[in-house]
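Labels for the chains are A, B, C, D and E, by order of writing; each one numbers its residues from 1.
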Amino acid sequence: MQALYHRLKALFPLGELTEQRENLVFVTVDAAHLRSLLLQLRDIEGFTHLVLLTAVDWIETGEFQLTYLLGNRAKRQDIGVRVMLSREQATMATIHDLWPTAATYQRELREMFGIDFPQSPGVNEEFILEGWNDIPPYRRDFNTLDYAEATYNDRPGRESRDPATYMREKLYGEGH
Amino acid sequence: MSVRDLLSPFSAWKNVLRDPVTIADPLNRDAAPRYRGFHQNDIAKCIGCGTCETICQNGAIDMLPVDSVATKIGDSGLRPRIDYGRCCWCALCVDICMTGSLTMSNEYKWVDPNPDNFRFTPGIDRKSWDSAELGYQRPEQHRLTETKRIAMQELEADERIDNFAEIVAGYTVAEAKLEADRCVSCGICVATCPTHMAIPEYIAAVRDGDYERGLKILYETNPFSQVCGRVCTRKCETSCASRHEGDAIAIRWLKRHITDQVPYERYREIVGDPLPPTGKKVAIIGAGPAGLTAAFDLARLGHQVTVFEAKGAGGGMTRYGIPEYRLPYEALDRDINLILSMGVEIHYNCRIGVDRTMDSLQQDHDAVVLAIGLQQGRQTRIPQSNHERVYRAVDLLHKITANEPFELPHCAVVIGGGNVAMDIARSLARMQKQQYGVVNITVTALEEQQHFMADADEIKEALEEGVLIRDRCGPQGCEVDTGGKLIGLKTWRVVSIFDEERRFAPKYDEQDEVVHACDTVIEAIGQFSDNSLLGELLTETLEWDRGRLKIDAAGRTSEPWLWSAGDCVKGPDVVSAVADGHRVAASIHQKLQEEDR
Amino acid sequence: MQFDWMQIPYSLLTLFIVLNYGMLLNALIAKIAARVGRRHGIPIWQNYADLLKNYGIRSSITHGVMFYLGPVFRLAGGVGLLLFVPTIFGSEMFSNLSFAGDLILALYFVFFGTLGMALGAGESGHPHAAIGVSRGLSQVTTAELPFALAVFAVALQYQTLSVTDIVAAQQGGFLNWTLFTNPFAVAAAMLGFLGSMMRPPFDVVLAPQEIPIGPPTEYHSSYLALMQTNRMIFPIAKIVVYMNLFFGGAASWPVFFIKVFFIYMVSVLVGVVFPRFHVEQSVRWFLVWAVPFGIIAVLMV
Amino acid sequence: MKPELEKRIVKGPDGFEFEVDPIRDYFCETPPTVMTAAYSAIIEKLFNWARAESIWILGFGTGCGAIEMRPLMTPRFDAYRYGVQWRPTPRQSNLFIISGYLSVKTLKRVIRSYEQMQNPKYVVGLGSCTINGGMYWDSYNTIKRLDDYLPVDLYIAGCMPRPEALLAGIVELKKIIRAGKAEGANIYAEKFEWYKANQKRVIHDWDMPDYNW
Amino acid sequence: MAYQPDRSQYPQRRPDGTLDIDLTSGKYLKLWQGPQHPGITGNMSVELTVCGDEVVAGKTHVGYLHRGFEKLMERRTFIQCFPIVCRICVPEPDFNEYCYAAAVEELAGITSPERANWIRTLILEMGRINSYMMYLGGQAGSLGQGVIGQWTTYARDLMLDRFEELTGARIYHMFILPGGVRDGLPEGFKQRMEETLKEIESILKDVYNVMYCNAVFKKRTVGIGYIDPQLLDSYGITGPTARAAGVAKDVRRDQPYLVYDQLDFEPITGKDSDIYTRADVRRRDLLMSVDLIRQILAKMPDSGELMAKLPNVLHWQIPRGETYIRGECSRGEYGYYLVTDGSGYPRRVNVRGPSYTHAVALLERLIVNINIADVAALMVSLHTYPPEIER
């Protein structure tokens, strides 16, 4: 995989190589070079299978990480291409013309993370959710527990005691 | 398409003649022996630690009090109530259960029109599957928490026998992390600890490697953390949830680990400065753990505290009773110095009743705390026990600490099976090794060895160091030869110690008599307090309870200005003394504040 | 043949017997089919419970007059068919209202219910019902074609349009049955029969996996109960026609029960083990396989 | 709202323009009414027997529990023995088995299907999820209490309940029906406003009429 | 004479590529299959636009089963995620457990013991049999042949009994957890398993006779739902669907995991890439699984560790990292993309279910210009399980 990395490095401004396994590596590339890198990987290097496309929300640094995972069946290798996007302007070029199935991924990312892929077919249609009126749910700043508690009723009658506190009350009559 | 394609489907009709494969009575079909069905809980085994609640990702478990279980040490009295409106039968609660009380039956049918009924406390609410034998139990090898304690590095017997160097090395950071990782943070120990140290929190600090946070937590509740990190009686570990199916967490060592990891220079800053002075004055008699803890608390609250100590150094029994190899003096000094740095004034070698009177203390101070501990050793009062070569263990230990000369026995017999007996036996053994090259110490006690009051570790180490232990021996008298020289201790074999009503009334087998040859007998059967410093008048005025000062829960005596704390009123235990110190300090502070208003 | 008022209660008695027989027979057939699937299947009284339950449904909605009349038409088709063919040959009581030209009427009744159903289902406004109806009509039409040809052949063969006469001609030993005297007609008719029993491979009309469940998709409560009643009567009535035309009729109730059962089983035998055809596949199948038999039969006579 | 469900002006073949409101045109908005037992006691008893012995389940697998419906209806457990059958259309079904969690999107369809069923109709909640949210208690997309949205006759504990437990539930449901106590449809009609309010609170994309039978 | 539909009135494409469908014209009908529809594979729906009985456009709608697993896992500890993952795919839950466990193990630097790997493989193959059995019943059922479903569900029930015996649960086994497996094989398991395998083989023989050697079944499936092998990569097609197109895509061979490198097998392929071939590939794959189970039971060690040593699971933290673990489930490549950030919770989990591409992009493409009656069969032949699409 090192050889591949060096070949690619000569052509594209790549970030550091993370070797997770002997047959799985991750590289970072900027958004502008993604498409040409993917084309290179698909057409020249034989990474023809788009395994998945997903995002990670690094809210601390204000970035979304898009991961394009490509597989090369003949060589039994996988490469994950990472693209960091600003959370503020989360827009990315679509790749549905390279892999038609990417349109589905992009539709999901649009809905669940709020990352836009202009020109991707049906990207603005509801995919999984229906009538969603909050921030995209997979974003880290969306708190699902709070939302669920505010929206759906609990069955009343649940209460619990902390053993340590309860024992102190019970054994020493201390209320703290 | 062939004829076969047309005809072969009709072969399906052969099934008409076969018996159906239907289960005849599906309503009463048993699930597999391992099936994870409805929960069972062995209420007697359960300790209500709430670990099941912690691991349940569904929020299905509530810990609630139940009528039939009382809260006691090591048992919170809570029992898990499971909401079958949440449960997913993953059995993580069974896997993690610290006592193995929670299991699952292989029953699986529960139908009810009322959705509020699907909540129950297994073992308490009677269910049809309570007695089911089959079902999921945690497989033997399947543990989600480590059961074995991380071994503590200690000096080997031959390395330690000829010196007073500290035996226990203390955990390394890696070891401490592993040990801290075993804790499930249930907090059952907190109530067991007399001073309610925030044990799960400081263990979490060890886990996180945040020792300064840990230290701050320690000194919130225990100014003798260095001492307790070494010699605490660790009641917490007796109630530890991990104890039930494995070793208890080494809480004491982890506490010590925190104090070891933070540089001593940082202590003062981490613990923080006292509050501004209030102008109130408090006198404390005795610089043992109880007295100094009270001093620490009161000083931090801004009161002016003066401590009067009869001996030449602070620490009380921790200094004069506990041998150096268990508690190095530097550790003790560090704790004491930290306390003194809070603005506590201390007068050493100042014996109340001799150098100052109680009256003068009362006049000069807003409150007085009596924390004099148990200084005097009890005697067996067996025949010939007034011989000069019959010692009290505490006296000898004091001599050793204070470097006072005494004639080191060549062969000694210790009476008693407690920690003090072990301390003196092992101290003498070291000195014998240093001076004579051989160890010749015998420990005798009434109980069987496994019922000794001493810690199991102490006994084990004493044996390693060459101390002989003769259990079930009732001392009957010292043997003195014609020249008046002590030559041995006569014991009878103990048949039973208590009578039917559990009163102390040892019975002996008089035929089974042994004389343990020795030149010294050491009595280590307990201590008592010398209250003569109070003076006759005060002694008369105060109320007493079976030889001890009578105090209320807050440590107040019957005199409004006098509090008492520590061993002298509660019996010997470092951490209890610390707890007492806190309690008295809080009570005094409250009183002083009320006076202000 | 004279008309007698007494024939009306007699034929109602026939109806009653056939209805109960149909209930039990359908359950029995279901149990047999379940056996192929290696299970026990419904209790034998299940159809009574279902029927009663559906009559006992409290609420019902209608989509219009035709929606309401659909099941009535259907039931009328079934009952009419039964009443106008002789059930038991030679029995005064159970010859029902048969008359000289009843064969033509029978053919009409076979189709009648389907049409009523089509109108009613169409009015329900459900697309699945509409698709089911269009499939149903095209399939029934082609399935009727070989049957009609066979009937034509039989009518030609016996030179009569009276079912009673046709049965009479077949008496005296089973070799006299049309089955043996005109096997091609029977083959054509039986292939058509497969198509009209709403069982695979010709159940594309109902096809729960495609257009659940076709025309009756909107029917419920009493409407459905009416249709169920018809489903108990209609197949039996149809089989009675087949039995009379091709299998020598029945001279007594036990013979009737046995013959109906076996003829019914023919469709089950095929239906249980095959998947279903497309509608155009089944249309083609009838045209390619069944119709030629019918034509041969007609030509042979 | 889906574009084809929106109101629009359509030009007829004769040149007249008229307004089409698909939702109002296709569905009835009359709220359901309470329909109590109308016949004499003995007839009602007979009907209740028939209702209990002929339970038609709506074939709508709303959640995981649906996977146990197949074993239920096939040789091993053969629920047909118990008078249970499977129906593909809500019109003809009496029993709605809510097989586990309901996402909001499914809830909407479930309500529609439920309303298309005829009185009397029964609902059985399967598994933890219908009782108190189950393992999705903190999910933003699943409801926690089924009885907030539909009247439920019976709950079966489990995640998911085994077919045997389902059969036990059906046997229990039969008892309830036979006793004439399974009046979910009437409860729904009585507390219609309350149910609707609850439903609308969680279904934000409410593009259906208030009642559509 | 082949059936040639009249396409003259079919919709034209608008300049922007969408179909020119005017519903008010009456020419087209919107038809929904699902979510309440017996011909749908689980709780999803397909919005069909039909002209006559030909589908001119289809659109997959999912989300009816969305529970937000990937979000829920972000607020559960690593051990707490273990019971929840299996719920992502109901008919074959074990792949979730395995992939999740393997991903956690890789990032935490834990190796699961050898014996646990054998048991894991055994469970995965048992699950594959179950899943295929569901499929066979569904494929025949979608064409109205109910009896196959009766037999295969029975066979699946037998396998579920074995599952119950081994794992303590019927459907959601929750047996493979990070670090290893819960327990070893129970007493007498191998023998009972052999009996079950024999019964399964005999049932499969019946299924072969009744379903595969069936004129009507062939008529309905041969040549229908053809997938061009060229499409495989662009649509991310994996598993039997790809193998039926003649490409031996099988993760078990391509990137052997667990103990597959010690087992003797060759990926099953077909060549016609239609519904019938896909059904046949799955049937042969099922038989191969039966054989694999026999191999596993014969070769697996009977003693040894079952769990690697875990840190205390209550405060288990995993250093920052990301990985992707894949396995070959009955429908294709199943994978977990796990990102950790050093805390006690996963940062992000993404589940790659094969249905994700099969049921949306691929189905929408294949569904055009087929008969309404074939929709169900086509959908089933892609073997899609909706929960793994929306999770």
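Please note the rule applied: contacts are C-beta pairs under 8 Å (C-beta built on N, C-alpha and C of every residue); 3 or more make two chains touch, one makes a residue touch a chain.
Computed from a predicted model, the values in this text were never measured in an experiment.
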Looking at chain pairs A-D and A-B, which one is connected by more C-beta pairs in contact? A-B
Give me the ID of the chain with the smallest distance between its Cα centroid and the all-protein Cα centroid. E
Can you give the whole-Å distance between the Cα centres of subunit B and subunit C? 89
Just the number, please: Cα centre separation of subunit A and subunit E in whole Å. 23
What whole-Å value do you get for the distance between subunit C and subunit E if each is reduced to the mean of its CA atoms? 43
Which whole number of Å gives the spacing of the CA centres of subunit C and subunit D? 35
So subunit B residues touching two or more other chains come to 9, 12, 15, 20-22, 31, 57, 83, 85, 88-89, 115
At least two partner chains per residue is the criterion; list those residues in subunit C. 34, 36-40, 208, 212, 272-274
Multi-chain touching residues of subunit D, meaning two or more other chains, are 59, 74-76, 78, 81, 88, 105, 131-133, 135, 137-142, 145, 159, 162
Every chain pair in contact, whichever chains are involved: A-B, A-D, A-E, B-C, B-D, B-E, C-D, C-E, D-E
Would you pull the subunit D residues touching subunit E in the complex into a rising list? 4, 8, 10, 58-64, 66-68, 70-71, 74-76, 88, 90, 101, 103, 105-106, 109, 113, 135-136, 138-142, 159-160, 162
Using the touch rule from the top, collect the residues of subunit E that touch subunit A in their complex. 62-63, 66, 68, 70-72, 74-75, 106, 233-236, 238, 249, 254-255, 321-324, 326, 333, 335, 337, 339, 347-348, 350, 352, 356-357, 360-362, 365, 390
Footprint of subunit B on subunit E - complex, ascending: 76-77, 79-84, 147, 154, 161, 164-169, 172, 174, 182-184, 186, 206, 209-211, 213-215, 218-219, 305-307, 309-315
If we count contacts the way the header does, which residues on subunit D are in touch with subunit A in the complex? 104-105, 108, 131-133, 137-145, 148, 201-206
In the complex, go through subunit C and note every residue touching subunit E. 33, 36-39, 127-128, 131, 200-201, 203-204, 207-212, 272-281
